[in-house]
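Each chain gets a letter, A, B, C, D, E and F, in the order it is written, and its residues are counted from 1.
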């Protein structure tokens, strides 16, 4: 459905013609998402958003980065869960820097990074800062996720049955589960969605990591009340706002 | 008043005796804080908290790191203001890693990092993660700031005249100004505190940085209604909660 | 068809059960492949081989690395073609090192890297060497591509109409085109396959890169006579031999 | 007394006005200095010199770096003493490079680094070399300590009772003790100053470090005969000569 | 005999006059070469070729790099043999980058690297790529070895008694032994040349390295039938072809 | 004459037998030494000392590192002279670390580094410190040069006609020239030895480097009165003292 915006499918001549358009780099993660969601949640969400946005703005979507920065206990369950594959910060940073350099060499001037994994942010921003110092004013770099641009009233539409636990705890919870029900229903094990108490938000970082501060399932807040419809509400609202950000950022 | 907890003042023999106690590393920043506060705000706050906490727990305070990670427009005004001195992320990370290694070599097993600059967090945590992988279970590392451990009801006590703008915009605003009035009143230019509209919280990162998204003064929300009494409320509450965290983390 | 071997589709509990099996990391590239093939050729080939091999040995396939090391003029057309996205060697090396570390932390002891892009090899091997020094004898690391394990007589079966130009020049030529016709026929632009003279094999490296040593199309030898049947011959033979290598390497 | 030259005390607007003046970065160390001096000796000396020099030349003093490069046995007692906190060379180098970059971004063109810890020198110079290659002729970088610029005849005035043991062994000895008596008498434990034989100067480096080549106290030559008056002689003479160097270097 | 082309022998004034000529950097290795050849084989060959080429083109030969990148089992015997001294890839890369930078600072624009150790290639090329990105079109960088430029028919002249085992296995075998007999006969232990079966070419990389895939002597194919005359044939042919490459590369 | 101690000349089996002996790594530099000495002075001196010492202690001499750390104006003339080829500090450090690691892998436990270039010291020591932290007490590392171990009275024997200018200025002056007359008389241009005034010792570091602080010839003090006999005096005395250091260090 969105095959036409994928860089992967293009020949080099087709790709060369896109250089004045926006190139979107989706960055996800490979990270535990409890017993009801697969390890690819953040990557699926990043790619699906990227494709829909590219479709709207005539952009091109570069191959996704499927591995992200280190999951933290109280925003993603943390490194002790099998299947959570954590890059070092420096590795992610250099990966993003190299890709920005290469897109610029190919003539692109509008580079939009979409990250669906909270922990990625600081190291992507560090890469953008250093890349921007190198490439100057002619190259414009943008980073968003899907939750910060959401309209405040969407929270109310989504959290009709359970209270909003705060974004940090929205891991494998209502929003991500709803998004996966919308994007890839076949990958959601609905019968494994459990009633549970929310984890307590973190107020500090401690190493070695304390195992008992994360629920054993890896889910930080209940995914009960998730639905594909809620997924669609999030997607539609976030994309609408993101298009405005893109418009302003790449003016 | 807190001279007895400063590592700086100790001879090596005196310091050697402290190795079973908690060593506190304060990390601040050198960063613009508008026309009414000096560049040292984050460093003063980090050190003053560290000294008071050390005094309570019989700890020792290591020399402060006065330079921090890169200020961002909508949490600190960003790099375009003179006086904002930004370390690269890798530099801060290696600095913290080296210091942890050295404290461990000197026999310390309880290392507490206190950061008063939001942007430092990701790179300090990366350093802690890598240091912990190296030193294993015998060494316990803790990081807090002063805002996350605060009791929720303190917000209500502080924001009696102006609404709480969110932590990101609390830069050179009521909380930091009140803390400086409490810690170092002689460094606060009270007549330079202005009425102003809050900056709008950031929902994306864009490079090169857009100059027009930060107020010209560098202040992100009004510091009106700040007072040393409010500073004391914050300090007393945060320290009380931090002592509980320390107790749990270094059990 | 191979969904059951994809790590991406597993929950963390499902993935945790695979730890005594072989985990396969496919590494491709995003690189020009002339006017008849898309930029994803090396990534498609890497992933399709990985899936088939995993299916045979009850393994698990980790998410692919879609960006590889720098394309060279006389083995891939080189960096001057748009769409060829080159990582620095150090970046690829650290990426692979981080992933090996993480697989090992999750309990895996048999890690098989499949690369379909010649230029990746030296930096993957450097990563393996350093990772092996760290993890010791308990962790076994294996790297293959698809061309070195092929039986010598397959060359004769494939190159029935055009002479074998040597592996370096087999870029976007008969073998890769046949593989793509077998794996993803819808991505092959058959009418763009041209008669052409082979490029001359490189006997030196020169920088800045000489533009005139690579054909303008980016194809190094004619893809004429490619067919899905030839693709299947390669796949069947290479996998048979790779299974023997795996058997020996992970005994 | 020197509060007006401290960058720490300035608002960003005040700091911005100083950009055509000299900015001084003091670099000290946290290092054992025997039983009669505190760990902050090198930092106190670096900062006190920097303040006095800034006062003379209308300069500005940036926050001090309180941690330095690795102490060596026969110039500082070495790493085996608790309280000696050693940065890796690369860390110090990158720290200095980042700070030079940031001062330059803020418009400064005359950057003066004052180090009071011998071992820092090679890594500061490496940072200066690389920063200078980046910033070119418009930015002038200067490094001094306090001992190399001293007039030769000052040695005679200081070493009236004990012979000059050479600069390497002047660790926690007459010159540093006299400087501390002048700058911070309250931190000197005069009754812990001992008669002792000098350590033997080093003629080689050996690892692991031999414990028996450094006196158990960490003092390398006797501090007997130290006095605040001698401290003043050193300060006055060194500053006079440093002002000439500054004048020549930043012409 | 070639003393006049050695940079080592020149004063700085003599060297300064050569800046418009070609500077040649030979890179060898310190690596086991069986019981009949010394550890310096690759370094001797690199230097001897470099001297002869410099003599023909009025060039200058920089001091050799005697340590190279990691030997691999089936192209050099690998790291398990004593005397094989392996640099990390990053070390070799930075070494070459630094030297290119320095030759350029001294005014050289034609820099030719001659490597006689196969494994060096990828990391030298990475250094050249990054250096070229820095120095641009004015600086021309060339890399060759001695085997790729050889005329195909020379193989037939050399392998009269034993079949050509492929270049990977030509380690301490006929070509290298013949070259050493020609360049340094006194270093060849002829009576230690053994009849043997060839090692089997590698089709994969496996770590930890399998000891049993390399013959115990470290020789990968028999050196029987080596002679100084064959060494001369190789040298004469390779140099003739290399001169043409140089001519084209530095036009 | 010393061919039997050169690692270069040994087969791997011969080298393997030396593992309980001392391995010596000579480190020189490629650096201007005025109009009367060649660029290889520091390398020749390093190697010649290493060979003689190895001969005395039954050691083995590894291939020399011919490139060293950055020459400084007032100890070596500095980087502005053609022919002075400067490695970055990090490059030299990693080179030495890699070599120590490799010697240790080959079973050596007594590693002696001989440097004949002053500026190398800090980065070699950093490498030794980090390598020692890795290898622990079983591996002993030693570094000397030739001037620090010299007996004080040798100065009087050498400086009979010109006064000793201090070691920093002994660049291309009496000691180095005498050593070269002793080791390699054919490389000394005696008629280019000039009367001259000494350079003034440095008391600070300034970048960009001031050209006028170094004599135009690159010689820092007159080499008049040099002789091979004086070279022999230095060699004999330094080696005698170095043998005692070795004895103590590797006990």
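Note that in this section a residue touches a chain if its C-beta (ideal position, glycine included) is under 8 Å from a C-beta of that chain, and two chains touch if they have at least 3 such contacts.
Since the structure is predicted, the reported quantities are computational estimates derived from the model, not experimental observations.
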item: Least step count from subunit A to subunit E, where 1 means the two chains touch; value: 2
item: Touch-network distance, subunit D to subunit F, counted in steps; value: 1
item: Between A-B and E-F, the pair with more C-beta contacts; value: E-F
item: Interface numbering overlap (same over half, different under half) for subunit C and subunit E; value: same
item: Centroid-based (C-alpha) most distant chain relative to subunit C; value: D
item: Length of the line joining the C-alpha centres of subunit C and subunit D, rounded to whole Å; value: 56
item: Centre-to-centre distance between subunit C and subunit A (centres being mean Cα positions), rounded to whole Å; value: 27
item: Distance between the centres, which are taken as Cα means, of subunit D and subunit A, whole angstrom; value: 48
item: Of all residues in subunit F, the ones touching two or more other chains; value: 88, 90
item: Running round the ring (origin subunit E, first step to subunit F), the chains in order; value: E, F, D, B, A, C
item: Residues of subunit F touching subunit D in the complex; value: 70, 72, 88-90, 93, 121-126, 128-132, 136-137, 140-144, 148-149, 202-208, 241, 245, 249
item: Sites on subunit A touched by subunit C in the complex; value: 7-13, 15-16, 19, 30, 32-40, 43, 62-64, 66-67, 79, 81-88, 90-91, 94-95, 98-99, 102-103, 105-107, 187, 189, 192, 218
